[in-house]
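These are the structures, in structure tokens.
Two complexes, one shared chain (chain A), two partners (chain B, chain C).
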Partner chain A sequence: MLEMQRIVARGVVLFCLFWLVSVTTVSFAAENSALIAVVLSDNIQPYNDAVKGFKNYLSQRKTNIKTVDYALNEYKENELTGVVDKILSNKQNLIFTIGTYATKAIQKSARDTSVVFAMVLTPDKVGVSPPGVIMDIPSAVKFDNLKKILPSVRKVGFIYSADSLSLFEEAVEAGNKFGFQIIGKRIDSGKEFPSAFEDIAGQIDCFLMVADAKIYFPKSVEYLLRESCDRNIPVVGLSSNYVKAGALVSFDCDYEDLGEQAAELALKIMEDGGSLNAQFVTPRKVKFALNLRVVEMLDIKIPAGVLKEASEVFGK
Partner chain B sequence: MKLGISQKIILLFIFLVVILTVGIGTYFVWREKTILLSEFDERASMLLSSAVTNTEYPLLVGNIEALDKIGKDILKQRDVIFYAIIDKGGKVVLRGGTQREGDVRKYSSPILTEHQAGTEELVLGSKAKVGEEIGKVSLTLSIDSLMQKISEVRKAIGLLVILGIILASLFINLLVRFVLGRPIYKLMKGIETISAGNLSYKFPIKTQDEIGMLAISFNRMTEDLKKTTVSVEVLQEEQKRFQDVTHSTGDWIWETDDQGRYTYVSPVVEEVLGYKPQEIIGKYFYDLFHPDNKEELKKAALEVFSKKQMFKNLLNRNIKKDGQVVITESTAVPIVTGNGRLLGYRGADRDITERKKAEEEQQKLMKDLEEVNKIMTGRELRMIELKKEVNKLSEELGRPGPYEVSFEES
Partner chain C sequence: MGKLKGILMCLVILSLFVTGISARAEVAQSSSPTELMLFQEIPMVVTASKIEQPLTESPSAITVITAEDIKQSGATSIDEALRMVAGAHFGYVTQAFMAAGGIRGFFKLPDNKIMFMVDGIPEQIESYGYPASYRASITLEEIERIEVLRGPGSSLYGPNAMMGVINVITKKTKDTHGNLISFTAGERGVMMVNYIHGGSLKDKVDYRVAISGEQKDNWGYIAYARDPTVKYWRGNTAIDYYIDDNSQVNFKGSYFSLRDGATIFESTGPLLYGGGNDNKYTVALTYTSKEPNILLRAYQGFMNHWKRGYIYDCLRLYQFFQGTKGVDFQHTLEPFKKDTLVWGGNYMQQQYLAPTNVGKRRHDMNGIFVDNTYKLKDKFHINTGARYDKHPNTGNSLSHRVSFLYFPWQDHSFRFAWASSYRNPDFIESYYTSATVYGHEDNKAEKAENFELGYRGKLTKKLSLEANIFYTKITDYVYFVYTSTTIRDFLNIDDLFERGTEIELKYSFADWLQGVLNYTYIDQWEQNEMSQLEATSSVLSMTPQHMFNGQLRGYFKNGLSANLELHYVGATDWRKYDWTPYYTTYRPAESKTYGGGKAARYIIANLRLGYKFKFLKNDAELGLAIFDIFDKQYDDYPVDTSSVGRRITGTFTYKF
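This part shows the complex of A and B:
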């Protein structure tokens, strides 16, 4: 009987020791690792590419940072507040948001946690605060590349609304710098697009699309691409999707690199304890897509070597 | 009109076939109509969808020329008789064809134009889109050709139904006649033969179905009937013997229920009381009693009834149908069930009026004789007294009495 009691007592002591060691180890490990919540606006490829770049960067830097992903598109609108509260209640060191929707939702409620965003267009207009990596490609970069791809183009058409007025002004300034004449036409809604295009079509060598949802929607884009073919006017699209649909060329951010840029920013903030000056970071890598079928159709001469530089080529 | 079982079955089957085929025919017509209408609706829906898609941008930008071209193309489509393109405010932008009511189907669909949810989505090509209703397209399609098709289908199915009914009726007729009618007819003939007294007739058993079983049962029944017939003859003989005996004795046999109501009386009653048996049945036994002692006899009889006793040679006076009095002597036994419940009485009444009369007459004669005797004896006694007085007077006179006084002399 005594023997039995001794065995049980030893077992209890051993179990307590094991539990103590385990808890201490886990707590220690937890103290030395950081947690970043990754919140996506939607589950689309460009966003996923940015997340991939973000995580790759953290991994390359051999940080002891863990990430946990959330996709807000999986929740209904009335569930959003609850989801955001749930995310914020977790003890993460930083929140990385991708896209305007996720960024606005998190920034609205986050008080004590640092937020870094990526892939937001015109953040100041949509009410997004820094720090973060924006998606706007500066007009100067576009015109610089356009000059290389279409050296003969001089007059560039530009239809804009009140929402994209600042972009037009930026384009005029940058275009002039690179020797382009911007022929603009202001409209108030997509309804007016055909007549506006009709007005400027005879005066332009090329047409530059601007990210303005008021003007561009599936039907107006369809009209533009059809008319551009009929009138031999090459179109500079908003992304490679437009090139695939019939635009000649588009300038895109490297979304993976945007993620890496955001990761750099996030690490700096975490290292400096959030004391880094808030800033918008512009994309550092710009790539372009080309549609060879359109090149053929419009009988456009593309300088040698341009094709090799294209990140995506359609209509081969 | 008298219908045989075969005809009834045939009629029933034909009725069922008619119901069934008409039901199936109606179902097929309905089904075909539903399919044709569904195909029609599907075609109209596709046409409408195509019209909406083509109309979207021209309506948005107010390109009436393009809308007109689309409208004309719509009108060229089969069965389309009218179209209307209506803007967001409900104003008819364009219309064509002739609107009418009746055999038409009307379709309408909103014209939606899609916008990207935001500029970001515009650049990235996100699926998130916002729909905006900018008007609607209304189409009216004539269903004349469809109705004609349905009518043709109805006719074809109706023809098939009639043909089906005729063929099925013929088939059922033949089937019932050969499978059911003939064996039943044979059974019927056999029964007629047996009814005619030929109990040695045997039904042929050819099948093991219900008809065969019926034939077996009939044969068994005929056998039993044979035996029973012999018993009936014996019974009839017994009954005749009984009737002869009761008739010859002049007794009328009767039975009453537990209340004393006659339930049976033998025909002899007519000879005794002048009533036919059916006139007696239902009457109480005391109804025919003489009023002078009716209550007394009734009371006595019911007391016997209550004790369930038998009674023997109970005298009672009855009134005959012609009003004469008849004296009967009743003897009866109670009819009692196994558990002692009285069911009634069964007995016989014998007419003893004549016997009674004879007895009464004899009694009267005896009485007369007694009177005569009494008179005669008195005279003798008085003679003896006189002789005795003469003898006394003679003795007083001293002479011996002249008369020998003895009873033998008188």
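This part shows the complex of A and C:
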């Protein structure tokens, strides 16, 4: 009888141990099998590059995270609310949004789910909240690079509107640190651009464009690039597309690396158990594009070594 | 039943646009995200000044057809892709052969007053001097854009650029990495398969290889054709080698093969009746450098035609060869501020061997040119150019261009141009000998003098306008004249004149919906209206007085797109020929062949629907193109066997 009791007791203990281990294992596995919804504003290459970087980072870290993709351009405007509700109802651990459109749509409705974004420019102006990786390259970074590419430049022209006033102020502060004098002109609409440029063209060695849709649209950009070539004023464009069209240089983010930065941020938030990082993260990798044809037309001497560092060279 | 189909078609189209409007209305109202500013493209163009410059600064009237325009048009050939160009018309003779027309008047069959180039390399059919657009060795998917210069271009490009220039510019090899496959099939025997592969080697070399096979019915085919289906094979390669940051070398090689082609020329009749065959080879080597800014190119092309058919009731192997080789040189510099100078020269040799009617002929030609653009003030540009050419028969020729461009306000430009151009008589016009048709070696070059006023501007944020008025005089026009009841001689005839206008409006209804309307008016007359020369009145009646094109294009969500076009072409009258008497004994059952006659005015509608999607994570697109939706039977160049009608084709494109 006693022997039987011992056997039963051992069996119960073993069973309890087995149960405890299996439950722990299952819950551990479940905890590590996370889901991230990837929501794109549109199906365009820059956004796709950011997604690629995001997923590559997760894959390299060997995380047990699954992703499911949504592209908002596939839905009509009146379907947007329904799509967002559907995404939020999937109970993913985190939502990664790419571009302003997707970020605003998700942030508006997401209450209990962490949201991390990437590929948003001037988030304050467009009503996007942190956390996320922005595309704004700090003026200090631009001027630091500009000093190496155009060492003789001292006076930088800057046309802005009320929408980009803060960017102008940032540029003035950064310019002072790097020895640049910022010659600014404020306008209220793009129609005033030609006269504003005319006013400052005689005083500047270089012109810095700013991401302000009120001022810069295809016609004003065409005017700027044409006039600057005529007046021998190099232009720092908004992206490599502007360099291809006639700006001398541009400073661009590496979109894939932005995605990787966003993945780092996302993992940090998920590991912290959902606590939010209330800051915008700036791009850590900045590359620049050059137009050699413009270099030649403006008769500029680019320091040796700079050409090799350029990520894109146009006008070959 | 046909009308019911037409009504149903209209309802489908309307519902598509209405759905698109409601789907996109709210999207249009919301502001664009700021980051999109970084991704937008600003267009530049290589113009008749041989330097890249914005469209608004071109010293000539120029239209650019982009790769997207070509795709959205549902075109199956380069000629079909040019349908929307104001002032230009390349009409069907057969489905595969669209050489009845030209640019800015004096239309002919073949259209021998235009220079046709692919990446700056001339591709003409040497015998008749007309564009080899349907024999181009490139696929439509390789084209980045087509620049159509309307008006004289000889001051830069030399002979043949008399009434216009078509320059097909292919995509850069570095922009076509990866693979693309496309498949098109449909009515009228249309079947096309293309494969393009591109890549790079160690950052020093970019390359592209393309192969394609194609077939089409000889729609409106010439009688006696054994098989009305023409077949093409194309293969080409482009290799860019970057020597260093300053210079590079480009190699292009291509092969083109045609089987059972059927063409008809107004002067010499159905050519290769019974189906002809071509093999064409082209190679080109180009060196470019930035400092100094020079271009040096050598090229050679060779084509072999043959067929077995009936000539004067005898079954013969009919064969002829033609080829061109040449060397081009160009240097661009800025001698002083606000001035750009382009100068250069070329040597070209054209050969033609046709034992039965032309013999063995060779033309060695040289030319030098200079073109200067000076920006006098920010609002005022002056462009001047001149070119000297030497031809073994016509001797020395000089052509010029002077253009004034005025930019009174932002987004507006006015242009005045005065230019001269010329065309040397081709091999047929110079040497052809048969029982009834004779060329003459002493024919003079045709010369054109052109005056033009143009305006290009943005009237509102959404509406842009281009308008041109032009006046052209042609002296020593070459045409074939009946010197007896049966004998035709190629001779210089009367001086001819024309005046005309082109107006084009573009309107952006929304960022996803654009419309284009253009209208062309051409009035032609002869110097001596009392001469009653039959040839002259024939020439004047081959150009329609009115042409109109309209287009509505929309891009919708879910990857859908739609492109609707309307084309109106006024009536024309072509010399009528009965080729039957030449084939009395050994002709097949369909024994009568007429070419020419009255072509009534017509209006047709074309529709292309597209759907982009992801397939296995790669870009794919389905397209449905309906040419001549309402199946309007019409003729561009009347051929008695059949007329042009509806054609439906489907396309699948996949990039990976």
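Following the convention adopted for this analysis, the second predicted complex is superposed on the first by the 282 of 316 C-alpha atoms of A that agree within 3 Å, B and C clash if a C-alpha of one lies under 4 Å from a C-alpha of the other, contacts with A are read in each partner's own complex, and residues count from 1 in each chain.
To be clear about the criterion, contacts are C-beta pairs under 8 Å (C-beta built on N, C-alpha and C of every residue); 3 or more make two chains touch, one makes a residue touch a chain.
Because the structure is predicted, anything quoted here is derived from the model rather than measured.
Set side by side, chain B and chain C differ in how many residues of chain A they touch, and the one touching more is C.
Of the two partner chains placed around the shared chain by superposition, chain C is the only one that A:Lys76 touches, whereas chain B remains out of contact. In the superposition on chain A, A:Ser239 makes contact with both chain B and chain C.
By the touch criterion defined above, A:Met297 lies against chain C but remains apart from chain B after alignment on the C-alpha atoms of chain A. Common to the chain B and chain C contact sets on chain A are residues 41, 44, 46, 73, 99-101, 119-122, 126, 135, 194, 211, 213, 216, 218-219, 222-223, 238-239, 241. Chain C meets chain A in the complex at residues 23-27, 30-35, 37-42, 44, 54, 56, 242, 245-246, 248, 290-291, 293, 334, 338, 375, 378, 410-411, 458, 557-559, 614.
By the touch criterion stated above, chain A contacts chain B in their complex at residues 41-42, 44, 46-47, 73, 99-101, 119-122, 126, 135, 190-195, 211-213, 216-220, 222-223, 238-239, 241.
Interface residues of chain B, counted against chain A in their complex, comprise 56-57, 60-63, 113-128.
For chain A in complex with chain C, the residues that touch the partner chain are 41, 43-44, 46, 73-78, 99-101, 119-122, 125-126, 135, 194, 211, 213, 216, 218-219, 221-223, 225-227, 230, 238-239, 241-242, 244-246, 252, 292-293, 296-297, 307, 313, 315-316.
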